[in-house]
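Two complexes, one shared chain (chain A), two partners (chain B, chain C).
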Partner chain A sequence: MSQRKKLSILGLSMPASFLLVICFVFPLGYILVTTLAEDGPEYYIKFLTDPFYLKVLWRTVWISLVCTGVSLLFGYPTAYFLARTRSRMKNMLLIVTIFPFLVSAVVRAYGWQVILGKRGIVNQFLMAVGLVHKPLVILNTWMAVVIGMVHLLIPYMILSIAGVIQNIDPNVEYASYSLGCNKRETFWKVIFPLSAPGIISGCILVFTLSITSFVTPQLLGGAKFVMMSQLVDSQINTVFNLSFAAAISYILLFIILLFQFLANWSTKGIMNRVGGGGKRA
Partner chain B sequence: MRDLRKPGWVSIVLSAFTFLFLLFPLVIIIFASFSPTQILKFPPQSFSLQWYENIFTSSSKFIQGLIYSLEIGAVATVVDIALGVMACLAVSRYTFKGRQALTVFFTSPMFVPSITFGFVLLRIFTRMHGVSAFIQILTGHVVIILPYIIRNTLAIMSGFDWNLEDASASLGADPVYTFFHVTLPLVSPGITAGALLAFLYSFDEAVVARLLHGINFNTLPVIIMNYMTFDFDPTVAAISSILIVASLLLMIVVERVIGLDVFLKS
Partner chain C sequence: MSYLEIDNLTKQFGATTAVDHFNLHVEQGEMVALLGGSGCGKTTILRMIAGFLEPTEGSIRINGRTMNEIPPYKRNVAIFFQNYALFPHLTVYNNIAYGLKQKKMPKAEIQKKVADFVHLVRLEGLEKRYPRELSGGQQQRVALARALVMEPSVLLLDEPLSNLDAKLRIEMQVEIRQLQKKLNVTTIIVTHDQEEAVSLADKILVMSEGHLLQEGDPREVFNYPASPFLADFMGFTNFIYGTLQEVKDGKYYISARKTGEMLVAGGNAPADLKTGDSVVAAIRPGNVAGVSGRQDDRKENIYTGRVSAVTYKGNISQVDILEAFDTPLHMHCADYTGPMDGGEVTVYLPPEKLLIYKA
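So, the complex of A and B:
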């Protein structure tokens, strides 16, 4: 039996493992080793000592933090609403939340270009009303990137949190009320802490996806607002410096892994205390 | 007691704002696609279908790109359903040492930036010579979308009662029959949700597809992106509107067939 179990596990996990080793782990390792062998750490040092590149890195990190914060601020109440409403519109609103997921980032960035552009909807409106005389520059600034990215990523936050809130045992809340807490106290002392696993996994997901995003900053930030992924792209397609592209690629990968590790490690205590909620990013 | 669990007005106001924010650009795109002028004017004065015509006549081969995208998405999804469901059976039916590690390994492509992975594949394929762009992009997508199928399938398998398989076996069914007649029907909503997300991820993916494109081989998102860098006319709005409406229809079908709760569980 045990022998058969081993064979089953091996047989079932073999195809996916095989694919990942050949097409994923091997390429990542091979290119890392060969570029380091050819160029040494030269380009890594170049990136880490040049203020221009460090500024791009810093910009990428703070934009991602802002996006995560804004997504949480609006995503949490939305998730709470979705998890708790008994409105007949619930399914329709769930569609509204999930449906933008299915629309490509390119398409959504285009929508924001039409809205935020120099002759876009926002500027047409502001000028017609007479609030401004010259069109505002919103496109190709951090604002456009944040708006576009929050639009792209907030559904992840909402779904992560709504799933957890939906699973909170109603009796826990009733217990809180029967012990004399009012609605607000119950929210902050019971529901909010119990939804921590959803908040944590949502934030990790949104932050990771923002820091690696390419399409949205490329189309809404452009050359005036460059983030890490665009830096790699321009080294490949415009500057043709593949060695430097490799170095930046692996630095970005390293940052993501470090962040994932730190996030999991630092939230372990919270996850264990509230029972994990069963979900991880 | 019941009304105590109802959402308060803060949550109602902020969520109403969020829902409008989510819909706003999509609605604007649909308006722009019917615009008679290059720049969308509000309120629209008249109505034109010229940008829809332009999809078919433009030198950017939108339709060809659409076909490539559908092909790659379909093949990658089918391959990954097979690989993913098998992998999920291994880690959720049995308990063994290293199970957690194996699960993390199966979802690991999620943690690698697309640009890094795309770059690495580009270097490998350049060294290999003669691999078609179709195979290159397909390889990338098969890896990238695997975690989506695995996560959704695992989520539903974690609530599956494996005793049912033993019951089936004790009634004389062989493992293959049990899988297709007992296990699969019960876990299929999770697989469907995962497959749907995975297919759409591949269909919309522009980073890896852009790096690995061939001379005459661009997927639809890449063509749209390239078009946007040189032209700013509503042809993109027209093709986007078609994609938006298609996604919406798909969503409604999913809601009717498997329900939307699966998305809250993954």
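So, the complex of A and C:
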């Protein structure tokens, strides 16, 4: 990249960078410095040595991983369909995909409470068809949290992947067919690797949003199912220990950055090749 | 029985008929050029032969086997896409080896075959590059190697040379023709360019709006297009309208519309032409000759007009002449030294170069 191009990119990103520095980097740095100056690493040590807190951290991480995996599993086929359909309903389908964004997470969590509860639709149905004899306990377990969270976050996955698949030249698929690969083989050899950038960005988005989620675990996970954000909340609003809240937040931030780094690092090879869509006239 | 037989092939997209009862028989090892304007259905035909599109009607047979029900990955038809469609995530080597690996060919054999084709298309040293690290011409050659290495029963080339500069284009024409001959693969090449078609193919087909207009030997199609429309397509851009006065000794005497000038034409003409018929005579601009001074003792087909524009086109100049006939006359000269805009110019139209059609 030439010096000039670098400069112009810098220039274009100025407004956003400015906002980020003022509203994000500066307060973060301020909190880190003031809490460390006051209490030293005490609360970091406390968190990392107490099995209770470590358990919350572990739970938060695996729930987020499960949410990411489930979103990918269900989101990918939808994204592929959305990207490749020639139907005139395509725009309708896109709107339907984004529709959940119009309803707040709180409202949706309450909705799931009704659906998943002891006398909710799910249990009524399962009992009516005779699959179970007494209501299943779904609400206030990890399952309810995963269901609520996937519902909330799957559009991010779908849109990330659909955007990338849409830019894969359909002729590349046809070329693969004419070279002897059937649809399934073509998918694994061509479409899947070429959609890697969408999968990575979708996973990073969903993972980050899951690991920091608050409303959904609060309303669907019940009292025993505590995640990191809830810990931060209770330290601020019930225990009034701002330093500990800051330490927890920083540990969470570190985990997020670690996962992003791992995701980018492990897929560097493929991203270098297909990151730009692979088109060159 | 021909190797590739296409009968009554028809494709409808909703209300539009992209291909309309198209017939084509190609012999083993033959190279056929499919020529026609944009949107006339050339790509659609190739996509049906490759199996990506299902024909609305008609049949496709390769070596006696009906293809209609056979999926693309079992047809052994290789296609070269206009935009190359290389696999961006694979190296040159792996792009070329893609189909061989799918065939479960032993590794040593794959390596040898790929090396052979890399050599054939002159890509040595680039095997480890990714498509985005190649020039357009290099990508094109990878796409060609990827298709040819499969030893396909039929090779389909969709405008393989349209994005190249003039020099590389000529080189690649020669290369494609040599490869095709060497591998003796039955080939259909789509092109916009009539000269390319003539220089490459054993047989030419000209299409318009999904129909076949003319089919034949390249020379024949190039020199004797079957209709004024085809003549225009083949570069006969001068059309002179008139009435047939007399036929004598294989020569046709035509009085030109409006000017009444007598025009003698000797090219081929419809058999059922009668005196008094309205006709149109067509001639290539390159066959219009400038006449200077009185040194010429030819008496027929000498006309005088006014130069309206001289356009320099690289190796030739195009001179537009008005007032010789009621339609403008174009002349191509290697080095034009005559009068410029507004000046008077005298031209000669060789009778044997004038084709006659019913108007």
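By definition in this document, the second predicted complex is superposed on the first by the 242 of 281 C-alpha atoms of A that agree within 3 Å, B and C clash if a C-alpha of one lies under 4 Å from a C-alpha of the other, contacts with A are read in each partner's own complex, and residues count from 1 in each chain.
The rule is short, and it goes like this: a contact is a pair of C-beta atoms (placed from the backbone, for glycine too) under 8 Å apart; a residue touches a chain by one contact, two chains touch by 3 or more.
Everything quoted here is computed from the prediction, not taken from an experiment.
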First (chain B), second (chain C), both or neither touched by A:A247: neither
Touched partner set for A:V190, first chain B, second chain C, both or neither: second
Chain B versus chain C as contact partner of A:I270, first or second or both or neither: second
Which superposed partner A:C67 touches (first chain B, second chain C, both, neither): neither
Partner touching more residues of chain A, whether chain B or chain C: B
Touched partner set for A:V56, first chain B, second chain C, both or neither: neither
Partner chain in contact with A:A175 - chain B first, chain C second, else both or neither: second
Common interface positions of chain A, toward chain B and toward chain C: 174, 177, 278
Residues of chain C touching chain A in the complex: 47, 50-52, 71-79, 81, 83, 85-89, 98-99, 102-103, 130-132, 136, 139, 146, 150, 163
Interface residues, chain A side, partner chain C - complex: 169, 171-172, 174-182, 185, 189-190, 193-194, 270, 273-274, 276-281
Touch list for chain B against partner chain A, complex: 1, 4-8, 10-12, 14-15, 17-19, 21-26, 28-29, 32, 39-42, 82-84, 86-87, 89-91, 93-94, 96, 102, 105-106, 108-109, 111-117, 119-124, 139, 142-143, 146, 150, 158, 197, 200, 203-204, 206-207, 210-211, 221, 224-225, 228, 232, 236-237, 240, 243-244, 247-248, 250-252, 255, 260, 263-266
Chain A residues touching chain B - in the complex, by the definition given at the top: 5, 8-9, 12-13, 15-17, 19-20, 23-24, 27-28, 30-31, 73-75, 77-78, 80-82, 84-86, 91, 93-108, 110-115, 119, 121, 124-125, 151, 154-155, 158-159, 162-163, 166, 170, 173-174, 177, 183, 186, 208, 211-212, 214-215, 218-219, 229, 232-233, 236, 242, 245-246, 249-250, 252-253, 256-257, 260, 278
